[in-house]
Structures are given as C-alpha cells and as structure tokens.
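Listed next: structures, encoded as structure tokens.
Below are two complexes that have subunit A in common, paired first with subunit B and then with subunit C.
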Partner chain A sequence: MDALPARLDVARIREDFPILSTQVRGKKLVFLDSGASAQKPRAVIEAMTRCMETAYANVHRGAYHLSEVATANFEAAREAAQRFLGAATPEEIVFTRNSTEAFNLVAHSFGRALLKRGQVVLVSEMEHHANLVPWQMLRDAGLGIGLRFIRVTDAGELDLDDYARHLAQGDVGLVSVTHMSNVLGTVTPAARIARMAHEAGARVMFDGSQAAVHRAVDVRAIDADFYAFTGHKLYGPTGIGVLYGKRELLDAMPPFQGGGDMIETVTLEHSTWAAPPARFEPGTPAIIEAAGLLAAIEYVNTIGMEAIEAHERALVEHASATLAQVPGLTLLGSAQDRGGVFAFSLDVAHPHDLSTFLDRRGICVRAGRHCAEPLHARFGLEGGTSRASFGLYTTAEEIDALAEALVAARKFFA
Partner chain B sequence: MSAAEEVIAELEEGFALFDDWEDRYRYLMELGRELEPLAPEEMVEANRVSGCQSRVWLTTRAEGGRLRLRAASDAAFVQGILALLLRVYDGRTPAEIMETGPEFLGRLGLDEALSMSRRNGAAAVVGRIQAAAQRMEAGATG
Partner chain C sequence: MTGQAAGFEELRDLYQEVILDHGRKPRNHFRMEVFDASARGDNPMCGDRVELFLALADGHISKASFIGRGCAISQASASLLTELVPGLTPDAARAMGARLREMAKTGARDDSTPALERLSALSGVHEFPSRVKCATLAWHALDAALDGSKEASSE
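Right, the complex of A and B next:
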C-alpha cells in the first residue's frame, strides 16, 4: 500500500467530542449516524459560547466596537468557508440555513430568472429530496422549465452514458447532482460531470452535503458553478449552510427573499439590491452558528482533510469486508469510489425493527429511506434500508460491534 | 370490567413476566406472527394508516353490532403491536372501542422500543379504529 498521510489518532480525537463518552441504556454509545448529522467537538461548542459571552452583537449594522468585532468574526467564517472550498473570493460564499435552502435559493434565483422556457434541469435518481423537490417545484411553476433524471447503474454509480445522452439533447440548462450519495456512499466524478455539462452549454451544481465532510473539495478544480454543503454534518452547528456560486452567476441572480441587509436603497415603492453575498442574506443571519462553523472548519483543517479521507478509506475497506461476512446482509451499491456511508438490508428484519434491536445495544443507525425515496424505489426497496455512516471519530471496533450485533439480530428475528 | 379491559389486564400480567427485553420482544413478534395475513388486494393505499414509520394496513367491517378488524405491517415489532391492538379492539362494540384508549401499550414495557413516531403510529391506528366505530354507531342510530 502507498504511504498514507499522517494517521489519525482516533482515540485522541474522540476525547474532543463530549457526547462520545456518554452511554445509551447503560451501553457504550456507538454512533453510526453521522451522515444524518455529525457530533460536535468541544471547539465548536466553546466557540459558540464564547461568541455569546464575549463578542455578540448584530452584524453589518452597528457603528460600535462590539458590532464591529461580531461582524469581523462573522466575515472570518465566510473566509474560512471560501478557503475550505477553494473559492476565489469570499463574495462567492452565501450563508444559508442548510443545503436544502441553498437548492431552494438556486432553484428560485437562478432557475426562475436565468433558465429559459424549454430548458431542462437534470438531476440523478440518487438525489436527496433537497436536490429534487425544489426542482419539481420549479418545473411546476408554469415557466416551461423541464426536469429529467440521469439513471443510476445497478452498482449505484451515475450512468455517464445516460448523462451524455441527456446533454446531447441540447436543452439542459442546469445539471444538479450529488458529489456523494447519502445512501450509496458513491462519490461522483465531479470534475468530469462539470466538464461534460459545460461542453453542452449547461451550468452545474453539486450537493456536497456528504462529500465536503469526507473529501477535500476544490470548487475551482471541479469547475463547479454552484456547490452546497451544510454545517451540521461537518461537525458544526445546525442552522447554517454554505452556497458557493461563481461571482458572475450570483451577480446576475435576483434575490431569493427580501428584507434588511440585502438592499442597497429602499423607498416605499422600490428597492435596489445589494451586491452578493448580502443580496442573498436578508435579515439577521446565524451569527452564533457562523462562529461554530468557523470553529468546525478550523477543527477539520487542523486534523487535515487528507488524513480524514485516509482514515475513512480505511474504515470503508474494513466495513466492506466485515459487513460482507454477515449472513443475510445485502449492501446497497458497490461503487468503485465510495465514502463512509453504507445502506443495507438484512433478510429477516425490517429496518425499523433492526434499528430498535441495535438501539438496545447502544448502536445508532438510521432506518428508512434517508430522504431518498426515488432511489429506494429504483432498487425495489420501498420498505427502506438501514444505514450506517461514519465520521472522523468512527473506529473499526465500532464497525465490528455493528457486525456482531447484526449477527445477533439475525438469530433474534429468524 | 369490560371485555377490553379484561384483555388489557391479562396482557399487562403476561408482559410483566418477562425480565429480559429480548424475551419480551420475541413474545411480541410471536403474537404478530399469529395474525391472519391480509390478502394483497387488502394491502392497498385506501387501507394504509398514515403516521406510521413502517407500512401499516387496517381493514374494518361491522358484524352483528361489533367492529371486526384485521391488520398487517411489514415490520415485525409493529405487527406485534397490531396483534395487541386487535386483541383489545377486535369484535368489540363501538361503545367499548370509544372508551378504550391506547395508553395500555405504555404499560407493557414496550415503550423503550416504541419510538415516539411509532407510538404516534399506534395512536394513528387506534384513531382509525375509533373513527370506524363512530361511523358504525352513527350508521346504526341514523
């Protein structure tokens, strides 16, 4: 094996997360639901407390010292997000509530204003509902904008031939696909997807909710037009997400919502819009959450995305091998390039029964369709699946504990 | 004590015998397995009970002044809960059904595994049973 980057000291990292030393029903907590929302390191918790205790005021408004400090801290979070994504300028970073809001923003401000009648939005069959429903709403808005779907192969990969066929029709205005599936773990070839879209004259948006947590992302290397991720999956707080948009696109887009802080001038009759990103951030933003997001980005930067990626690749390898040994277990998807998300079904147990059983052993997995109902329908699994997802604090022992519990579950439910 | 209350008391006694949760849930699943399966044509959207995390189907019909019930789920624990509900509610008069709430489920030591959304699911099933009982009563008197 090639030399790996600096190894992660997982035992040491786990000490940073207070919740990981707690117990569930007297059992050691085995948290395997980080894909839904990750746990928080002390650095994030303390940064948010510190913000409220020492540096809190509204931002972009007051001409007094405390407000200036709060504004500087808030903008520092934007700059951290800019560097984290490799964006050219902080003006290309729009704070949203989460990834879902980022998609709604682009569907509204780009979709309604810049897509033309007869054009189509192209998504894949493996999208989270966040990257599906806003486009359905756009399609149904009576603007003559269509919606089509790129097929997913049986292995759970994006069917690039099907993608090319859609692009060849010449009507695609925007491609919006996941950078890493929240069900299959599939990491999609983002740079190639973007190149193909651009060659067909389309813009491209990526759902980085999972990918940004597991891989180093460089929006300029990918040449993404839009890229979204959310704070709470990146060990940060809920209530803050990030939308990256190329400057020339954001400049051309009208606001998503109106209010204070997003205007240049206001009379009773009319307003003119502030430049991006303020144009897309009406009202008081998530100031405390921005402090938490900044701390979260600094936290993963300190550990290093390369080290995190290497750790997770080792976990994925371990999980693939270990779970394959569990009798009656079927893994969903077998993509070549996959991150730490495993959806599976056990022949004798319904996913909800299984998570109840696992919960009694302190093991948290998600049951259901993981906000990806069309994908489950695609694989004929309307009843849903169980999903184990990893974070930088996940250990091989936890995966072993899951596998052991699954073997016990099979005896119990048989 | 009504017939439904007698059954509830029996169930409470029965479940109290289990110290170990695995035994308790194994018993719950056994009860679920005893339910007569629904026919495919009964497992349709019109019989689906919404508000459940897993899929639940319920059919109701009036028979000699009593409400007859059949139910199924794709999840084994939920199927067990349905079996408990049928023991309590199936074949009762509308009046009996209306005065029997689902609270007894929380007294059987199953609440730990009955996630919040599932308990809501059980409440949704009972709500549907009681609505059928109400319709039946309205039909009989009206």
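Right, the complex of A and C next:
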C-alpha cells in the first residue's frame, strides 16, 4: 500500500476523537460515513462542557457579568465562522440550525420578498433535498416563481453549457447549487458559476455542507451571495449551522421567523426588525453548540485546511485506485475535481444488504439515496447506492479494509 | 481469514440460505395480467418496492405474484409470500402476515406448521432493527391488497 504524504499525522489526529478507539460488535470501528455526520474531537466535547460549567447564561440580554461573558463567547463563534469563510464582517454570518434551515431561510425571506413574479430559481440535478425541497415549496407558493434544473453529465459534473443556456433565457433570479456533491463527490467550479450567474443578473447561493469540510472556502474570492454549511459535518455539534449572506442582501431581506432577539421595537400591533444577523436569529440561539462550533473551527484551523485537503486528495486517489480493483463494483460519477465521497453499487448485493454485511465488520457506510433521490433517478439507480465518505481522520488502511470487505461480501451474496 | 469466517457465521442468522436463494431467484416474479387484488408496498426511506398481485377463487387465494426491487430480505420475503399464501383464505393469509411481524419483532421461530417453519427463516431480522421493515414490506402490501387499498408502507 502506498504511504500517504506526511502532511498530516493521522495517527495523532485519531487520538483526538474518543469514538475512534471504540469497538463495534467487538470489531475496530471503521467509520466511513463522515459525509452524513462527522465524529467529534475532544476539543469540541470539552468546549461544550466548559461552556455549561463556567460560562453559561442567555446571550444578548443579561446586564450581568456571566451573560456578558456568554455573549462574548457566542459572538466569538460568529467571528470564527466569518474568518473561516472569508466573509467581510461578522454581521454577514447568520447562525441557523443547519444547512437545511439556511436554505429555508433564503427561500422564504429572499425568495418571497426579493424574487419577482416570472423569475426562476435554478438548481442542479445533483442537489441534496435540502437545496431542492425549499425551492419546490417556493415555486408552489403561488408567487409566480419558477424552478428549473441544470443537467448533470454522465461523469457527474455540472453541465456548464446547459447552465449557460438556462441563464441566457434571462429569467433566472437565483442560482442555488452545491459546492460539492454529497453523492458524487464532485466539486463544482464555484467562482465560475457565480461569475456566470452575476453576468446574467442572478444571485447565487452555494450548499457548502460538504465542501466547507474538505476545502478552504473564501466566499469573497468565489463572490457568493449566500453560502451555507453545517456544524455537525465539520466535526462540530448538531443543531448549529451557518448562513453567509452579503450584507446588502441581508439588509434588504425580511425576517424568516418572528420572536425575541430579532426585533428593534415591539408594540402590541407592530414590530420593527433588528439589523442582520439578529433579524434572522429569533429566540434563544444554540449557545452551547456555538461554543462547540467555535472549537471545531479552531480545531480544523490548527490542523490547516490545506493539510486536510492534501490528506483527502491522497485518500481520494487511493480510494479511486483501490475500489476500482473490486470486481463487480461500479463507482457513481468520475468528476475531475472531487472530494472524499464515493457512491457505488456492487453487482450482487443490494446497498442495504451490503451495509448490514459491512456493519458486522465494524465498517459504517451509508446505504440508500443519501437525500438525493433525483440524482439517483438520473443515473437509473432508484434502489440507491452505498456511500463511503471520508474525514480528516480517515486512513488508507480503512479504505483497504472496505475494499477487502467488499470482495468478501461479493463471495457471500453471489 | 478467521475474522471473515466469524463474520459470515453471524450473518447466517439473517441471511439463511433460503433467504439468499429467494433473494437471488425470486419465485413468481412477474406482473399478473389478470388479477383480483393488487397493492404496492414502498419503503420510502430505502427505496424498496414490492408490487403484489393476487388471484382469488372460491374464497381462497389461488395465485400470488410480485414485481419489485430492493434488498435480499424484502425480495425474499415477497417471494416466500407468493409461495405460502395460495390456498389460504384472506383471513388466514392476514394471520400469517401477523405471525411474520411477530417473529420479526421477537426473533422467536414458529415451527408449528411447515409453512411457518419456512417463514421462520425471516425471524433473524430481529437482531437487525433497521431491517425489520424489509421483511414485513410484502406482508403490508398483502394486507393492503386484501383491504382494497392500492398502497402500503412499512415505515
């Protein structure tokens, strides 16, 4: 087996993740489902505990020391997210529950208030349901807003010619596409997509749920209007996600949900809205989760996104070569630029049978359609696929273990 | 490799030879042209699908067939169903489905009749909570077909 570049000390990193040294049914855990949700380093676990043990109070309201500390910590998480994405100001960072809520927020607020009758939202065939269903709901809201789809090529890449044809129709108000497919691993040319959208007078939103974990993201270099990612895939906690929005857009957008913390003045009859980001964060936010997210961002920053990316490129190369050796295995997609997500089918075993088989060896992969049913239909795989996805703690040995188990599964089921 | 053998053995509780056999070569796997009752069963979460066709004569199920897609468990269960329910009254067929659901829940075999003994091959799903719905899908479709519904889900 080829050694990975010594950019990243994986053995050392694995020690940071308590769960990775546990066993499943007496077998060493081989966790290859980080694309669904990543495991948590001790730094994140401890930061959340520390928040509750030493610095916990509600934020943005108490005029006492503990609340001020809690507020400062909460806002420090926002600033960390700002720097992580390369945003200009912390006011451009809205905390959400997850990426899904970010899409719902933009669909509801930007979509209803700023898109015009006759305009169209353009998504691709490879979107996660989170970046599809909110737009279907917007289309069906009776506002005269349409929804169209950019084709995906057989290689699993965005068909940029088809994209250009849609834009040329002159009715596209918003393009919302993934920055990295959660099924195909395809990394999309975000800066080019944004430039084309802007030249056609459209705004552009990216689903960074996968990409932000695997690559350094710079929303200003991309020139994204909106960008979403979620904490739990970035080694942080569940319950917190981030929506980046350009300041002038957030300023122009009405609230998504009403409640405390998002208002300026309230009378019994009317309220006026607070400025962003508070306008979009009604109610008590995810205070403890923000502490965890801050720790997660600091954790990946300490390792370095470039080192993480290099490690994962090596893993992708290794997996491409290794999985290609498994008889009867078909990989879904063959994009030039791809991250550590591999969906595949095995000729003799259904994904669920395969998943059960692998589970008995301690190997966790996802089976099904990975919240991307239309994409599976596009490739004629309505029954779903298996998916192995990598994190910064994934090793080449784990990929070898998967390949070996797949060969065994083929013997078992054939 | 010892680990491999051990893994196989554990899995044999779930994937007994009869399951693998029916999964690979499903019996009565065709769309019936003329039928008296039919229903489709879907597992929306995993995409498993079974479409069941029944012919009835003299108050009994005379023929059963299915088409579908999905894992070995769901397809084997449907295949077994089409072999086991002909000759039964609708009520007896429903009762057999209830026995299967019971076995899947408790893991207890029922060897009291040859038919139930064959069905007991599916009792192994008990150890695999996420797979119980695979085993019961066709039997939900059976109930739906006999009730005159068009669709069933085991979610």
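Keep in mind that, in the parts below, the second predicted complex is superposed on the first by the 408 of 414 C-alpha atoms of A that agree within 3 Å, B and C clash if a C-alpha of one lies under 4 Å from a C-alpha of the other, contacts with A are read in each partner's own complex, and residues count from 1 in each chain.
The rule we apply is simple: a residue touches a chain if its C-beta (ideal position, glycine included) is under 8 Å from a C-beta of that chain, and two chains touch if they have at least 3 such contacts.
Note that the coordinates shown come from a computational prediction; the quantities given were computed from them, not determined experimentally.
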After the overlay on subunit A, what do you see for subunit B versus subunit C, clash or fit? clash
Of the two partner chains, subunit B (first) and subunit C (second), which one does A:His60 touch, if any: first, second, both, or neither? neither
Given the touch rule stated above, what does A:Arg50 touch, subunit B (first), subunit C (second), both, or neither? neither
Across subunit A, the partner (subunit B or subunit C) reaching more residues is C
For A:His129, using the defined touch cut-off, is the partner it touches subunit B, subunit C, both, or neither? Pick first, second, both or neither. neither
Return first, second, both or neither, reflecting whether A:Arg369 touches subunit B, subunit C, both chains, or no partner chain. second
Just subunit B (first), just subunit C (second), both, or neither: which does A:Arg195 touch? neither
Just subunit B (first), just subunit C (second), both, or neither: which does A:Arg361 touch? second
Should A:Arg378 be classified as contacting the first partner (subunit B), the second (subunit C), both, or neither? neither
State which residues of subunit A lie in both footprints, the one left by subunit B and the one left by subunit C. 349-350, 352-353, 356-357, 360, 367-368, 383, 412-413
For subunit A, which residues are in contact with subunit B within the complex? 25, 349-350, 352-353, 356-357, 359-360, 367-368, 383, 412-413
Enumerate the contact residues on subunit C facing subunit A in the complex. 3-4, 7-8, 10-11, 14-15, 20, 23, 45-48, 69-73, 128, 131, 134
Subunit A residues touching subunit C in their complex are 27, 349-353, 356-357, 360-361, 367-369, 373, 376, 382-384, 408, 412-413
Complex contacts: residues of subunit B adjacent to subunit A: 21-22, 25-26, 29, 53-55, 74-78, 112-113, 115, 118
